[in-house]
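Chain lettering (A, B, C, D, E, F, G, H, I and J) follows the sequence in which the chains are written, and residue indices restart at 1 in each chain.
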Amino acid sequence: SFSLGESHTDYPTTYSPEVLEAFDNKNPGKTAWTTFVCTEFTSLCPKTSQPDFAKIFINYIADKKMVESKSLKLYLFSFRNHGDFHEDCVQKICDDLVKLMNPHYIEVIGEFTPRGGIAIFPFASYGSKKFEKLKDERFMNYAPGKYSMELSKLY
Amino acid sequence: SFSLGESHTDYPTTYSPEVLEAFDNKNPGKTAWTTFVCTEFTSLCPKTSQPDFAKIFINYIADKKMVESKSLKLYLFSFRNHGDFHEDCVQKICDDLVKLMNPHYIEVIGEFTPRGGIAIFPFASYGSKKFEKLKDERFMNYAPGKYSMELSKLY
Amino acid sequence: SFSLGESHTDYPTTYSPEVLEAFDNKNPGKTAWTTFVCTEFTSLCPKTSQPDFAKIFINYIADKKMVESKSLKLYLFSFRNHGDFHEDCVQKICDDLVKLMNPHYIEVIGEFTPRGGIAIFPFASYGSKKFEKLKDERFMNYAPGKYSMELSKLY
Amino acid sequence: SFSLGESHTDYPTTYSPEVLEAFDNKNPGKTAWTTFVCTEFTSLCPKTSQPDFAKIFINYIADKKMVESKSLKLYLFSFRNHGDFHEDCVQKICDDLVKLMNPHYIEVIGEFTPRGGIAIFPFASYGSKKFEKLKDERFMNYAPGKYSMELSKLY
Amino acid sequence: SFSLGESHTDYPTTYSPEVLEAFDNKNPGKTAWTTFVCTEFTSLCPKTSQPDFAKIFINYIADKKMVESKSLKLYLFSFRNHGDFHEDCVQKICDDLVKLMNPHYIEVIGEFTPRGGIAIFPFASYGSKKFEKLKDERFMNYAPGKYSMELSKLY
Amino acid sequence: SFSLGESHTDYPTTYSPEVLEAFDNKNPGKTAWTTFVCTEFTSLCPKTSQPDFAKIFINYIADKKMVESKSLKLYLFSFRNHGDFHEDCVQKICDDLVKLMNPHYIEVIGEFTPRGGIAIFPFASYGSKKFEKLKDERFMNYAPGKYSMELSKLY
Amino acid sequence: SFSLGESHTDYPTTYSPEVLEAFDNKNPGKTAWTTFVCTEFTSLCPKTSQPDFAKIFINYIADKKMVESKSLKLYLFSFRNHGDFHEDCVQKICDDLVKLMNPHYIEVIGEFTPRGGIAIFPFASYGSKKFEKLKDERFMNYAPGKYSMELSKLY
Amino acid sequence: SFSLGESHTDYPTTYSPEVLEAFDNKNPGKTAWTTFVCTEFTSLCPKTSQPDFAKIFINYIADKKMVESKSLKLYLFSFRNHGDFHEDCVQKICDDLVKLMNPHYIEVIGEFTPRGGIAIFPFASYGSKKFEKLKDERFMNYAPGKYSMELSKLY
Amino acid sequence: SFSLGESHTDYPTTYSPEVLEAFDNKNPGKTAWTTFVCTEFTSLCPKTSQPDFAKIFINYIADKKMVESKSLKLYLFSFRNHGDFHEDCVQKICDDLVKLMNPHYIEVIGEFTPRGGIAIFPFASYGSKKFEKLKDERFMNYAPGKYSMELSKLY
Amino acid sequence: SFSLGESHTDYPTTYSPEVLEAFDNKNPGKTAWTTFVCTEFTSLCPKTSQPDFAKIFINYIADKKMVESKSLKLYLFSFRNHGDFHEDCVQKICDDLVKLMNPHYIEVIGEFTPRGGIAIFPFASYGSKKFEKLKDERFMNYAPGKYSMELSKLY
């Protein structure tokens, strides 16, 4: 049966930060939050190549640039056959997005499903000079689940 | 920012059963259930033209034909500016799909959000001669929520 | 601020089964279930006149007549200042709707909030001669919550 | 069956900020919060015209003017056939309400359902000179879900 | 069957702030919070006289006086046939309790169920001179649901 | 503060089946289910006299007699300082109610909280000659939670 | 701090079915269900000796004998350092209890937490000659979760 | 069947603060939080002697002394046949524990189930001179449910 | 950091039914259910190669052979870069397992997350001659979610 | 059936802090949070040797060293047959990890299941000189559940 997805798009088969695209923020003056949730992120364990699964939350305050959502989707899908530890996946997403759009502030949270009874949730964040205070405050008050959201609320 | 949706598809702006398409069932011999859930169905109240919202569950056992999923999506979206009572929307969906693919059996459930403290959940079903017994059994044991699913399970 | 409700409708201030209206079933041939949920039913305790609150579920299979939804809303609101035990409210709703539209089958479930740690959930049902078997089967398999639905699913 | 909705009201078929009406705040001295939740907001994707769905939360502190609730309902419904990105819908609602009633403070949150596994939740806010500090504090402590509410609590 | 409620108490049939009674706080020295939750509050829409329903949360810090709980119950029930907008019901409850017991601080939150897809949650608060700072802090950090509680926790 | 409970009622301090009262069923012809839920049942462990806690569900089909609800409340509270194993408490409640009103059918379910990681849920039922088939069917299809209800649904 | 547990009891350190004790059923005539839930069962994987965790549900209909609850607790704890596959643990518990008390019917369900994204839920059951029909019916209608209960209901 | 509880312990039948025992804190230097949750607290209404039920949360920072957990269990059970208003039970628990171990800080929260649709949640706290600031901060930011926890998380 | 997964295992990168292994059923006489849940199944859309995600439930009654769990894990992971429609993935899993172990009965359920507001849940089943009746009964009574389980129960 | 776990690893059978291993933090400059959740922690009661069960949350900010995840898993499993009070288990885990990697900050939370209706949740934390302020802030704002996460979110 014809698929529910869009027309044909070539999804990168290896980790490809170069697919990320930005566009000019229409309201650079206004500081606004944008939250992206990747409900189905998957990568591979670098040691055992066993698949890992997570929900990835990206909260950021744009400056002049904003990440183009479809390109972000392709970029996150490009981790599919990429081997990396949970912490490094989260740090990479944070660094790549900082490089792309130099936001005022960004935080990335990974809620990975447990393996052998142990679950790991990395949190990485970046703030420009002007948003130092905001970054430190949020860092000090961090808690697992605090800057993410219960997705079962959506339905 | 570039949209998350597919490439451009012209969504019918009026109720358009003609957009429905079927294809040949690859496993006609095997009786298998297929469930479609439209998590975000919306139509208009015929009297007040106030928008109504529902989750629509479609459970059916295909015979020779199967409904093509993308065409079903367009068809369900075509109720967007269409005025009809809850019961009639559900009955129309059931009748249109029966006409399209003459399934062994099909049931359609609408879980509409309340208006003025009253919610209405219509249930319509159709069974071919051979599936009479199955239709009657399921009809007798019907209960609101019984043949639908708690979508918050998905995330 | 102008209210969210409809234009002015005079809500009966006493128990008024006479406000119930029926209309002709467009699909008398087809047996279909219709479920009405009154998410906010309230009546008074006949002994202490303390307010009681419940969710009322009405599942019925129409024959020639169907209850007109707005009139059902007014009728259910008319219990607001009416004193009756939980069981009698549920039995009254069942009897009044049977008198109105002589359905093939109807069941009414009341899920009243507890008083002094005790909650009471009455269940009443009626089936015409032809639907005797269905009525007995459903009666035998009854359980609290079985023919009602978890309303938190709706949002 | 007669609809559950109000009497006939003509719902605007295109984005119509002009339907918004305000009235004088009876308690201008007292600073009080008012929260509006639109449980069923829908608009169209500007690129693919595919329908988008969200819960919209509006928390504001009125100054001299307050938005009239029924007009707010019509205004939010007027996005139904309007093409705009998630962020721009949220920013428009914020700007239009600021223009209407010049509140002390207002924040608008959109919780859009995912497309292709990615969900976007925009947050926009405005504060008058006197409420600068409150605006910055809330902005700094923002988190997805923090200023919205789990609507399944209501039933 | 004999009701679950108490012995006969005459519940006021009109809005009656005069039924409120206070008693002397046994521990005036100690600042302690008391939370009252009215799980089933109902009033009428002033325009359409359609019933409205809400959960009302009252958090207060008593000074010399405390509100007597049974009188509070009668007072809240006295809104049953009273027409008022959501915001005004909440503001009235706050003002009446301030007049009764002149508390250090009090906040009243109304979580009304939606009408036509729109829900309104008013928040009103009062603090004596000495508790100015506490009032402003709580006002600045307010969020829908933040000072109320998920009642499904109780069972 | 004046209590929320009713006027003074002397609660039996020892297990007192004699407080149970019945009244004549107004609708003996009609077979209807009545469900009582005691949300807060407590008794003592006969060996260690440590308090035990449970939710008790009573589903019954009345014949000529019905148990008077307030007397049922007093009877269930009379287990407060009574020592008995979980199974025997449940069996006693079933037997006492059968003796009182000789119902067509009754089932009693106890959902006791765990002790040392082990929870015990007894189920007892009784059916008159005429309701033998119903009793056996329900007995055969029993499952923990099946004939009870998730009480968090109520709020 | 003095422990919450009972006085000293020597817990077997190896799998010890011999600790199981039975006592005479006081109501052999009456067929009643008893459900034991072990909320915290743990054993070891026979291949990797990694700990496994599950909730174990035991539903049984006693004949002349009943398993003494404290001995059942010790017996289930005796799996703590025992290596066995999920299916074999569940089958052992079923067989050992059949040998102990020769019940009319018993079913044992294990809901093990996932390892590497895969969870395994074994179900074993036994019925005496007289309860053949009941065993087959329940076996035919089995589904994961159907004969167990959502333990979060308890609090 | 032999009980799940510990060996025989004589539970006080009247309110007995004298059963409380303390022991020396092994880590007096380190400030650490300890939380006790009494999932099943019950006392009597002083006016009507009707049983009341609650979850009691005790969060404290020990100084030189710590309360011995089994003695705390006996002490909390000693309220079983004791008549007191909700606020006074909570205040008594706070005062008795302060007298016993003179902690740096302690807060006691009672979440009582509703009576007649009204629920009362008292909060009492005490801080030594050195922990004044912490006491005031927590008092200012208090909200029902904020310092307690959703116990359904445990299973 | 060293991974949580097992030692190195080479995960097939293409759809590989040949990795499936069976072993002899130790209790061929006893009919027992085994349920495998793959909490994190992912495949590709054949048209757009966009990733799809689902929970896969496999309930089966073994005859002489049983599927070896680790090989099942590798087999399910081998869909990772495989393009197929939801229905065909589910049908393939059912057919491959039937070919492997010729079970008495097997059913496979896929709960795929929605795309563009539409979710698809295919159900396929197979029964040997002797288990025809069981297959038909379960097929007739099927409902989405009925033979699967709410995985949030596990934690 | 071959187990789901990894290849053979010898799990320590006694409390073995020596199995803990650290590795160099690749991003020492960046302060990032890492959260480990042990969904299935078990130890023994020192008085009665009855098994205790908990979820352990470890939130820490690494300095030069990071704990190697598989060694942390083995270390936490090594409590399996170790007798210690809840508070001491939590304090040990905190101290051992501080000794291993001298982090900027670490907090350890234990959510133990109740025994005899009482549950204990210890919280221990450590901060280096430079992170004194962060430690005190988080200590002051602590609440049970605040720095842990509802694990049912994961599925």
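Everything below uses one rule, namely that contacts are C-beta pairs under 8 Å (C-beta built on N, C-alpha and C of every residue); 3 or more make two chains touch, one makes a residue touch a chain.
Everything numeric here is computed off the predicted structure, so don't read it as measured data.
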Centroid-based (C-alpha) most distant chain relative to subunit F: A
Between D-E and B-E, the pair with more C-beta contacts: D-E
Geometric centre distance via CA averages, subunit J-subunit A, whole Å: 26
Approximate Å spacing (C-alpha centroids) for the pair subunit E, subunit J: 42
For subunit A paired with subunit B, centre-to-centre distance based on mean C-alpha positions, whole Å: 35
Of all residues in subunit C, the ones touching two or more other chains: 1-7, 39-40, 48, 50-51, 53, 69, 73, 87, 113-118, 120, 141, 150-155
Chain pairs that touch, as defined at the top of this document: A-B, A-D, A-G, A-I, A-J, B-C, B-D, B-E, B-I, C-D, C-E, C-F, C-H, D-E, D-I, E-F, E-H, F-G, F-H, F-J, G-H, G-I, G-J, H-J, I-J
Of all residues in subunit A, those that touch subunit B in their complex: 1-7, 21, 23, 39, 55, 66-71, 73, 151-155
Residue numbers on subunit G that touch subunit J, as the complex places them: 1-11, 13, 39-40, 42, 44-51, 53, 77, 80-81, 85, 87, 113, 115-116, 118, 120, 152
Subunit E partner contacts - residues on subunit H that touch it in the complex: 48, 87-88, 91, 111, 113-114, 116-125, 139-145, 150-152
Subunit B residues within the subunit E interface of the complex: 50-51, 53, 113-117
Of subunit A, residues touching subunit D in the complex: 5-6, 26-27, 30-40, 57, 59, 66, 69, 72-73, 76, 133-134, 137-138, 141, 146-151, 153-155
